[in-house]
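Dropping the structure in here first, questions after.
Residue numbering begins at 1 within each chain, and the chains themselves are lettered A, B, C and D in the order written.
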Amino acid sequence: MQNVKGNQVETNVQFLTAEDAIAKIPANGATMMVGGFGDSGIPEYLLQAVMNRDEVTELTIMSNNITEGSNLNELFLLNRIKKAIGSYFTTNKAVMKAYNEGRIDIELIPQGTFSEALRLGGSGIPAFYTPTSAGTELAEGKETRYFNNREYVLEHSLSADVALIKAYKADKAGNLIYRKTARNFNPLMAMAADLTIVEVEEIVEVGELDPESIVTPFIFVDVIVKRVVNA
Amino acid sequence: MQNVKGNQVETNVQFLTAEDAIAKIPANGATMMVGGFGDSGIPEYLLQAVMNRDEVTELTIMSNNITEGSNLNELFLLNRIKKAIGSYFTTNKAVMKAYNEGRIDIELIPQGTFSEALRLGGSGIPAFYTPTSAGTELAEGKETRYFNNREYVLEHSLSADVALIKAYKADKAGNLIYRKTARNFNPLMAMAADLTIVEVEEIVEVGELDPESIVTPFIFVDVIVKRVVNA
Amino acid sequence: MKLESIRHYIAWRAAQELKKGIVNLGIGIPTLVADYLTPGKVTLHSENGILGVGAAPAEGFADRDLINAGKQPITQLPHTSFFDSSLSFAMMRGGHLDATVIGALQVAENGDIASWAIPGKDVLGVGGVMDLVAGAKKVIVTTTHLNAKGEPKILSRCTYPLTAKGRVDTVITEYAVFKIRSGQLYLEEIVAGISLDELKQITPASYEVSANLQRVNAFDLVK
Amino acid sequence: MKLESIRHYIAWRAAQELKKGIVNLGIGIPTLVADYLTPGKVTLHSENGILGVGAAPAEGFADRDLINAGKQPITQLPHTSFFDSSLSFAMMRGGHLDATVIGALQVAENGDIASWAIPGKDVLGVGGVMDLVAGAKKVIVTTTHLNAKGEPKILSRCTYPLTAKGRVDTVITEYAVFKIRSGQLYLEEIVAGISLDELKQITPASYEVSANLQRVNAFDLVK
């Protein structure tokens, strides 16, 4: 154990093709976290592979939004998403229409509650109190409680069968770094799912990432897929 | 606002001597977080300045432990600490003795609960449920609740008047990085106190720290003190 | 004033409240506030995980991985840091932001705000505004005094779904600046060209006129 | 066997349970486990904020900022990462560690463990062990079969203050290996030189003898 060279490091992280990685997702009715905010940090290449595997359907998606033009939206347009949990679906007109026609269920959560529920879901904390949404419609039906004369809402943490996330670089042990605001929900979702599949732009040797700057240690990672850009 | 050079950046972070920084601490009965684990990451230089200001006394300290040989221990030996909240005081015989003689009050919290209570204390989350200590003496008198057939303990987040923390480098805006395992509780305490005073080994120009690798953004920092090593 | 001038005046006026510190700007009029801040004094935070939001990039220099919460391309500054959404919202909900400037559909005299939903319309988005309003040290609302239908927006009580209760500190419109102190709404500033009575008629909220009421000329103020 | 040999045998035996993955080793016998792991296969975690704990440094090369949870100097490895205590305990409590090896004062047949406090003595320290036991996927207890007073440690019920209820998976002593499956304690392995009856006499816990009971020669096994 003690003095190990980079080429001796073996972890449980697997390096697979997108197809092989997506083959690990339960076929029907999986809960699936998908990283990204706006256009930034969406695992588009992995989502393409999900689209290519028809039996992955009846999905419950946890994603801040469903960005128009993204492959997550394509998956929705294929009627493969039965429910979406996130903070902002307003700008996607097709989602609005589907919701009105009863074709998709939406659970709206304030964005800060969503992000903390992800992080705590991955941290073994099942529930927490937040001031956010206290006294609003989004707190209706939820338990509330006063601490120091302020009202707080009991929120439950999130976990999922799968997280599809997007990172910038992985080393061959599975440690991850992100790029600028493409980080967003990705490191949190990595912590919160039973199976974390990561799309990366580059895979580097063990030892090439600064140990002080690794954002997601490999303990939270199961599978890494290098994005292949079509020529 | 828009296109700013490093030398134009002005933040609310102050750069002071240890004496001037410690002068900001309320004189009697302050609650004070102190970073460090074992010998690593303790703000020794700031604690020396606390020792030098006699009226800072009747302290309630939040620190994982009181390491023998540290200036935090010196402060304790000066009878300036009336209560300590943390996870591990067993190895400090003087603390054990003082506890038996009723000279110090101890509140024992599991280390993971302590660290999460710090982080959530700085995050506006006043309370959370953890599985840790369920069914043990440390949960006695605490509310418990079942989620998915497992018992969890309701724990309250921590906040304090002051945090004294130790970082490696600060830039002139107040952003911080740490060094190896000296990071420990320091970034969490930075978030959780009304007044965060940071001891650093080096102050660098704005722009010299990698924006992807800043661990504590300057929003959590009030005062920075450069450690002066006596020749 | 034309609507665009009005929006810029309100943004400029909000910027006068922000001399230093860390601020999160919402979408709409608040976005315009950035143009009126003194360079280097105020640092902008965006909830998607950046502290130190720089200007829009020059044409052709947009980076897909560098956007603000409004999904617009931005640039980074020398003191910028990046972090995940959880830490970003810890900053907001934990009371670390000096101020936020946000828009509103309605504001009430008790500091309640409604900004995310209209009754009878589908509401499938809330974003980060509830966390922002719940946590920022100072909540500044920038809004036109009346809505597009000519209805007042500063009311005794909000009738639209709330964003948060009792969290608003300051309301800035093209006609006036109101502040809430100890649960009481005060008129602090009124622009030239509108009388106190005229303001009252378009402001159903009950408010006191501040002892230090300022009368300002909006047209002169905007550069 | 001498005590030191016993401790090393127990540590070696625990290492045989750890073929791959991420493990946190407690203080005492568990610390010795590191010496018996196959290099590069198991990564060690320490709760003070490091994943990828390397060996003790050579004399004179200790770094004050590079220690493990036992406060001993360590080294870093090519795949090491550093993080704060909150993320470190998220790994533990969140179920991300494949296993932990810890010592115990008492273990009960129902998986209860007592490891941090003795009745009647001052208890001012708990550290991270409760989080570790609450969260690790597999909890392996390494302990001498009897305590220093010759009293059994594997019991029907713990009489000392608990560290956690029902979390232990495996108990390894110098005489035997026990595993808990579906709430039932099984004797899985017994060393040569002690009979089943003799073991029973020093093990008040009720346990079943596994259908696959292994009899091993401890002396031959330790290298």
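Basically, a contact is a pair of C-beta atoms (placed from the backbone, for glycine too) under 8 Å apart; a residue touches a chain by one contact, two chains touch by 3 or more.
These numbers come from a predicted model, not from an experiment.
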* To do: Averaged over CA atoms, how far is the centre of chain B from the centre of chain D? Could you give it in whole Å?
  => 31
* Residues within chain B bordering two or more other chains -> 116, 119, 123-125, 130-131, 178-180, 211-212, 215
* Structure fact -> Among all residues of chain C, those touching at least two other chains are 76, 82-83, 89-90, 92-93, 134-135
* Treating touching as the only link between chains, describe the layout with one word: line, ring, star, complete or other. => other
* Asked: Of all possible chain pairs, which ones touch?
  -> A-B, A-C, A-D, B-C, B-D
* Asked: Which of the residues in chain C come into contact with chain B in the complex?
  -> 20-22, 34-35, 37-45, 51-52, 54-55, 75-83, 87, 89-98, 134-135
* Where on chain B is chain D touching in the complex? -> 37-41, 64-65, 87-91, 95-96, 99-100, 106, 108-116, 118-119, 130-138, 178-188, 215
* Structure fact -> Per the touch rule, the chain B residues reaching chain A in their complex are 116, 120, 123-131, 147-148, 152, 156, 177-180, 210-213, 215
* Note which residues of chain D are touching chain B in the complex, please. => 46-50, 63-69, 71, 76, 82-86, 88-90, 92-93, 117, 122-131, 134-135, 161-165
* Structure fact -> The residues of chain B that touch chain C in their complex are 1-6, 8-12, 119, 122-125, 171, 173, 175, 191, 206-207, 211-212, 214, 217-220
